[in-house]
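Dropping the structures in below, format is structure tokens.
In the two assemblies presented below, chain A is common to both, partnered first by chain B and then by chain C.
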Partner chain A sequence: MNYFELFKLPQTFGLDVATLESNYRKIQSESHPDRFVAASSAEKLASMQTATLANEAYLTLKSAGLRAAYLLSLQGIVAIDEKNNQMPADFLMQQMDWREEIEDAENAHDVSTLENLLAEIEIAGKNLQESLKSQFQNNHLSEATESARKLIFMDKVRADILKSIEKLD
Partner chain B sequence: MALLQISEPGQSAAPHQHKLAVGIDLGTTNSLVATVRSGLSSVLIDDDGHALLPSVVRYLPNGDVEVGYAAQAAQSQDAANTIISAKRFMGRGLKDIDVSLQPYHFVDNNDEMLQIETRAGIKSPVEISAEILKALKNRAEKSLGGELVGAVITVPAYFDDAQRQATKDAARLAGLNVLRLLNEPTAAAVAYGLDNAAEGTYVIYDLGGGTFDISILRLSKGVFEVLATNGDSALGGDDFDRRIFCWILEQSKCKPVNAQDTRLLLTKAREAKEWLTDHASAQITSILSTGEVVNVSLSTKQFNELTQTLVAKTLNPTKKALRDASLNIEDIKGVVLVGGATRMPQIRLAVADFFKQSPLTNLDPDKIVALGAAIQANTLAGNKSGADLLLLDVIPLSLGLETMGGLVEKIIPRNATLPIARAQEFTTFKDGQTAMSIHVLQGERELVTDCRSLARFELRGIPPMVAGAARIRVTFTVDADGLLSVSAREIASNVEANIAVKPSYGLSEEQILAMLKSGFSAAEADKQARALAEAKVDAESLLEAIKNALKQDADLLNNQEKQQIKAKIDALEGNIHAGAGNASSDAIIKATEALNAATEDFAARRMDASVSRALAGKNLDSLEI
Partner chain C sequence: MAYSDKVLDHYENPRNVGSLDKNDPNVGTGMVGAPACGDVMKLMIKVNDAGIIEDAKFKTYGCGSAIASSSLVTEWLKGKTVDEAYAIKNSAIAEELALPPVKIHCSVLAEDAIKAAVADIKAKQLTKATA
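So, the complex of A and B:
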């Protein structure tokens, strides 16, 4: 059973987050280990397996980047591969710019620049998600792979910015 | 072995019998026990009418152990044998503790959990905490008139695996069945949320005696979802006392004081702190053992200045938690204060200032955690309550593995919802290699030396192959108590690798068994009788559960499968009803395990069916047809 089937959701990129959340809670209501404290070890095992799967699936589908990579993996495409991370040159340039900006802002103890950068990346991420919707709809999988990689890279940049802000606090 | 039902061997509990379950707040300074009676959660009091039990344990010259107020009263005259704040030492080594202000004789255990030498022998913090739990268990059983089915014990959300395991071990030593370890702020949210029918996103700001926790929860329709948690497991009300203590020494120009006077002045400091909650200044007077007289006056303003860095220290974890949850202060509907230390006006002001709203204080900050834990204990014990609440809690600190160059590779990120499992593949780097060691760490930093070592695992029994050919899949599972377990399998040969766990700061199984043994002096025959009775209770409850399951969901099995299960049921019943003298606990346990194993597939199918049923119905329109 794949993650979409688990949540009884159509296997598409543009999923309905509210239904994902509500179905996630319904599954946890049935399967969470708290419901099986006094149960047999066989039932505890089934509970643990289902609750764990639901958490992993929820985490994956909730994040746009991971969701895209997961959809691609269902088509046999490995989006995140340590050995093959080809990116278009302009995106690599963009990435280097971001990293430089983070470093400069961190050295200058400039939290507001870091916060602005976060907002900028947020917007870029939203745009990429729109592209991904149509790329998946039109089955343009190699383009979708590139977008998925970009999104996941941007998540990493976002995490780095948060780390820098934490350091400056 | 868990006693999950109160009933005589051979008799199953009546279906609607109320099971006695309690919530225990095992605090740094004070502990409490609460239970749900007639639908209401209430704290159980002792014979003298006290709700709080000071978390103080004294080992007396005559071999007795005193817990609570009596022990607290003796703390300055018998400081070395009277342990306060043992919670601060749980799962910790000597190098983690500031020993300068502690009157104890610590035993350095190299890199293991520290111990304290008392007149009753060398004691681990786990054994000391177990004494507090025993006192609460006795209070509850006396007051409720029966044996407890189990307890929910609260821990600071920011406790790491070693601290959680130590807490669970303490419960085991106290003879308590732990239904769940529950994070203190989550327990507080349950008590607050259910009391106020709250919906929305709430912050729980929990400053206890020794720990600070911040948790952000989303409450909606009975589901309590922890979005992020953060904190400082070495910051609490005690630190405010210490600031006053140092100030007293400075003001009265005392020489360095001995253990007894340290304890005396720390007590005076705590009293002054509490006094300043609703007074403008506090007079601190005391005569030290040296004859020196201390007489100083501390104003609110001075106290605020002394402690402003401590107050500020709570705001960094707060900001981090908000960021982890991707929330702004405008998204927060309310801030609930928990822990006696939040009575300090400077804390309330700082919280109100930061969140731009007055904190919620309509539940007693000392009791709210125990009250919430009792509500959850009642639910977990199977006493149906009106509200079918569900708690989705998170792991507070990332879990990682040591890699080349002393770096940590994260495998489970902080704030991931529990339970969670992640697998990682390893390979051998030498021909014929049959073992490898794995080092598990907890923390957010990149270097091994900056994270907390949880355990080193030795994987053995890897089939010999050429270097790089073996594929060992190691699965790390963190359960709903926030505790880690590890399993490993070589994929090509499907061989299960053995794992020898050496918890870095925990107690080994042997140590716990030795402690349990020294606690029980029951004769061998008694033990066997007890083991048999427990095995029968377990077997009976399993039989009842499986018979019910078969009644409900027999259609999930084919005839052959039904017969297989039936055969195991018959075998187990045969073992239970073997004539007196022939019944053996080992045989019953084996037959119980066999029945369990035979029903694993059935249990998995029932789980799938119940999930499908839950998702069907209400939102059919969103299904892909």
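So, the complex of A and C:
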């Protein structure tokens, strides 16, 4: 059973996050250890395995970058390979610039600059997700692979900036 | 996760953080990023006319192991020829820093950054020679 099937979701990139959340919570409560106090050890083990799988599946599908990489893996494509660190130069330059700007703004306790950067980064991330949607729809898988790789960086830079804002608040 | 003493040392006192003039014809820049974790690394080397690396600087946005790997290689690069630099293997970096298996990719990233910086300086020298 793949992660989409587990949550009874259509196997697409543009998934409905609300359905993901509610189906995840349902599986979580159904496989909760409290329900298996009187169960056989085989049933206990099975419910524990379901809970673990649901956790892993939820974390993967919730993140756009990991979801895209997972969809590609279902088609036999390895998007995230630790031995392949080649990314387009202009993309890396932009990532480096953003991270320097975040660092500078954090050091200067400049929350409004961080918030502007966050807005810029979120727009870039949304645009990338839109491209991915159509790349998957049109089965342009090598383009989708590059976009999936880029999204991991976008997720990281977004997490970094949220952390910085939280620190200064 | 527990970092080794060497990783902690480089993480807390990173060597050679910063940039060199990227427009300098003797400066090569290597920029790489790891899609496995979203870390980015920039390595710059300044090479003299004899082909020896005189200076190296880095900037890494990532975990402690990625910072330590790039900090360590800037120390190793100084005084080496570009060909010696190109031959540095990630396994040597991982061994020196005692990186655990899940952090080996950080040393791969540092090796890739060296190779990218060397490729950049070689391309620059080629343009200079044919100009």
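What we mean here is this: the second predicted complex is superposed on the first by the 161 of 169 C-alpha atoms of A that agree within 3 Å, B and C clash if a C-alpha of one lies under 4 Å from a C-alpha of the other, contacts with A are read in each partner's own complex, and residues count from 1 in each chain.
Convention: a residue touches a chain if its C-beta (ideal position, glycine included) is under 8 Å from a C-beta of that chain, and two chains touch if they have at least 3 such contacts.
Here the structure is a predicted model, which means the values were calculated and not measured.
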| item | value |
| --- | --- |
| Which superposed partner A:Met96 touches (first chain B, second chain C, both, neither) | second |
| First (chain B), second (chain C), both or neither touched by A:Ile80 | second |
| Which of chain B and chain C A:Ile27 touches, first, second, both or neither | first |
| Chain B versus chain C as contact partner of A:Gln129, first or second or both or neither | neither |
| Which superposed partner A:Arg149 touches (first chain B, second chain C, both, neither) | second |
| Most chain A residues touched (candidates chain B, chain C) | B |
| Partner chain(s) touched by A:Pro10 [first = chain B, second = chain C, both, neither] | first |
| Partner chain in contact with A:Ser47 - chain B first, chain C second, else both or neither | first |
| Footprint overlap on chain A, comparing chain B with chain C | none |
| Parts of chain C lying in touch with chain A, wherever the complex brings them together | 31-40, 42, 59, 61, 104-105, 108-109, 112 |
| Parts of chain A lying in touch with chain C, wherever the complex brings them together | 79-87, 89, 91-93, 95-96, 99-100, 103, 149, 152-153, 155-157, 160 |
| Chain A residues touching chain B - in the complex, by the definition given at the top | 6-11, 16, 19, 22-23, 25-34, 37-43, 45-52, 55-56, 58-59, 162, 165-166, 169 |
| Of chain B, residues touching chain A in the complex | 4-5, 150, 179-180, 223, 225, 316, 319-320, 323, 376, 379-382, 388, 390-392, 416-421, 477, 479-480, 541-542, 545-546, 593, 596-597, 599-600, 602-604, 606-608, 610-611, 613-615, 619, 622-624 |
